[in-house]
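Dropping the structures in below, format is structure tokens.
What follows is chain A paired twice: with chain B in the first complex and chain C in the second.
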Partner chain A sequence: MPTRESSFAAAWAILRKECRSEWRTRYGLNSALLFAVTTLTAVSFAVGRMGDRTDVLAALLWVVILFAALASLAHTFVREVEGHTLTLLRLTAAATPIAVGKLLFNLLFLGVLELVTVPLFLILMGAPPPHWGLFLGVLALGSAALATAATLVGAVIAQTRGRGALFAGVSLPLLLPLLAAAVSATRAQWSGNPVTFELRLLAAYTLALLAASLLLYDHLWED
Partner chain B sequence: MAAIRIEARAVAHRFAPGRGLQPVTFVHDGAGCVAVLGTNGAGKSTLLRMIAGLLRPTSGVLEIRVDGADVPMPARRRVVGYASPELAFYDEFTVGENLAFVADARGMDGPAAAVRDALDRVGLLERIDDRVAALSSGMKQRLRLAFALLHRPPLLLLDEPGSHLDDVGRAVTEAIVAEHRRTGLVLLATNEPRERELADSRIELRGGLGHPA
Partner chain C sequence: MIARTTLFLWIAVWTVLALLWAPLVPALAETTRVLYFHIPAAWISVLALAWSMGHSLAYLKRRRLEHDDQASAAAELGLVFCIGATISGSLWAKAMWGSYWNWDPRETSIFFVLLIYGAYLALRSSIEGDERRARLSAVYSAAAFVTVPFLMFIVPRIYFSLHPDPIINTGGKIQMDPRIRISFFALLIGFTGLFFWMLSLRVRVLRVARRFEAVDAERAGSAA
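Now for the complex of A and B:
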């Protein structure tokens, strides 16, 4: 049977498969949205509007995004192991296109999550109007870094026995730098301070993680 | 017809001391059907997983050549059709969607026709729109066979192909083996006497339960 196997076709097929699976099962999105909405509602009831506390607002925004998304982002590979479909996947495509497809899905997942969470956050928390260009730039780069890190960690821990404990241990050093930069940049854009350094840092961090991931993925499933 | 050759030189895989595949050496050249035999735990499935490129031998050399060209481990999935009880599908997708995903990811020409053809060969075409979660064990086994046949590979690796199948399903399997062995190679890991008879040569594995290495 003639085939024109390409990494692009495989990654695209994986992305479509992930979207269809999420659409059918609502495995991650419902719980992520539930967490985000309940957290924001509870905090807004308890603390009220915090328009003048941009430092707290910036931290809260990224904490909500991180915790709402993290379990689902890292779970894209774990689901394959727990559903025993990893063998099917390995016989279908190479490890790198599989991981790239899942990374693209995680980016899309974060985008949809933020589409709901961020406007709700701005309204419920009484946040000052952001500088939209910078704000969206920080969100985009922060999300790219978060998705890349979570995909890498998910891929590495998926086949391990103690993946729950490993997930926390491996995630922490990868997530702290990106969270610090994202929070700092979000606060700075509200304060009117320059955010160039943080944006560069986030971009460099994402690229470095992506490069490391692409080097690692091909060796993921070598028993 | 692709010329296929498999050569194993003292190939072994050790999961734990005394567990796994004991060193095995064999050469098979050309089309046909080979039975991989051994007691439970002898390493039949392990050997098939290594040939499929899913598992790396802990020692020894395993070479697969198609039309004279060496097929390295990462490329084996292109020349191998693999059906095994461990192979699971996405329950939330239909039978057709599962195979269409595989065909798309592999970049196959005419994926829809290939999916229908593979399902037709295993007698599962009428269930193409059913969710996998709704299939019986026997139908899932037929789907595994369809997955193995989808890209028309020169090498078929069938691990306990008759498991969960009724008489009609077994007849389908036998027909697939009979057809494929004329142009390609079938490796059949089995303990079933009826399936053993399909083979024209055997690889006997040592080790496993009741058969110390």
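Now for the complex of A and C:
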């Protein structure tokens, strides 16, 4: 039975390994960024600047983030399966540290993705300046929930025949509550309404998903 | 045999009584009659989902494929009832509210249940191997289970509902005509019975299919 410290060390090592192998090819990040910019361009080109419609902007922002996440977050697990490296990885660490490491990586990945996409979105769509504290808080909590859900579903999806094709559809039920809360919070901060309810809801949802994930990671691989 | 006949007669007799003997709710007029089929279908979609998720959790704990049979059979049947509830509700919405689909909270939640069923069954169909399919779909089912309370909580808060429970049940359930209530609950029991009967049939089919597969594999093994 691995001790608590060695599990943390293993998760940390997995995160570093993920970062290193991503940095070597940058294939995942490049394609995700390209995809995000494509979605953003499509949205911006189709509707133009809408600085006075912050209700629509909030929805579009989360659609862009969601699409970018769905196009890229299953990648960490699919890469292991397609490269036939999963068995070796599982010899070096238990299921939970592996999944936690990949969750941390996905979180980081999503952060980098948003660092590019969100400012571009605000500029291209001519959005009024948001309440930065609240806006970033919503973004952080929403991303945490998104990464947690996507990591669990990604690990399941990597072992199926459909893989990428299935990922978006199968994740959607887990993403709908967070999407509803995040859009409504983003909308509220722009119009100056209180967002505490949505923030609390997002935090609770993230924690519930995380707790369920930690219980379920053990069942991901067995054969 | 007796149980089946009783179930058949029960549903048949109460359907006739619900349509002829029970009066109409004034606010709903002729559309009252959808209540006897739409609400049981919606109730069974939720019941089947809970049944499926419960057996998924039991599978993760005990690792017996019987639990997986129950989970998958309940999901398949639940999807059928859920489609029935969605379509009957949508037709009713057209008659009462003037549009088939309006993202009313009830519409949102039934759509969500539909989505979980769809995703769960799509996931199942793409996994090879009984054990692995059972395990991974149970993991997914358990994760989807987490979202249910949040959706129940957040949706009514964000969207405003026009669904008629408040109209029928103002101040508790007292004002509903007793004949409506009796026929409604009788049919609710009848359709729930129908669901469990269909479920047991489906589970038996799955069990027999697995036994045949095992025999086939054995025969192929001894022939080789």
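Convention: the second predicted complex is superposed on the first by the 207 of 223 C-alpha atoms of A that agree within 3 Å, B and C clash if a C-alpha of one lies under 4 Å from a C-alpha of the other, contacts with A are read in each partner's own complex, and residues count from 1 in each chain.
Going forward, a residue touches a chain if its C-beta (ideal position, glycine included) is under 8 Å from a C-beta of that chain, and two chains touch if they have at least 3 such contacts.
Quick caveat: nothing in here was measured; it's all calculated off a predicted structure.
In the superposition on chain A, A:176 contacts chain C only, with no contact to chain B. Legend: residue contacts after superposition of the two complexes on their common chain; A:5 is shown touching chain B, with no touch to chain C. Look at A:166: by the touch rule set out above, it reaches chain C but stays clear of chain B. Contacts of A:93 after superposition on the shared chain: chain B is touched, whereas chain C is not. With both structures placed on the common chain, the touch criterion links A:220 to chain C but leaves chain B unconnected. After overlaying the two complexes on the shared chain, residue contacts for A:41 are found with neither chain B nor chain C.
In the three-chain superposition model, chain A touches both chain B and chain C at residues 222-223. If you check the complex, the residues on chain C that touch chain A are 60, 112, 115-116, 118-119, 122-123, 126-129, 131-132, 135-136, 138-140, 142-147, 150-151, 153-155, 157-158.
Residues of chain A touching chain C in their complex: 149, 152-153, 156-157, 159-162, 166, 169-170, 172-174, 176-177, 180-181, 184, 197, 201, 204-205, 208-209, 212-213, 215-216, 219-220, 222-223.
The residues of chain B lying in touch with chain A in their complex are 52, 54-56, 74, 77-78, 80, 82, 84, 86-93, 97, 101-102, 104-109, 114, 147, 150-152. Per the touch definition, chain A reaches chain B in the complex via residues 1-6, 9-10, 12-14, 16-17, 20-21, 24-25, 83-85, 87-88, 90-94, 97, 218, 221-223.
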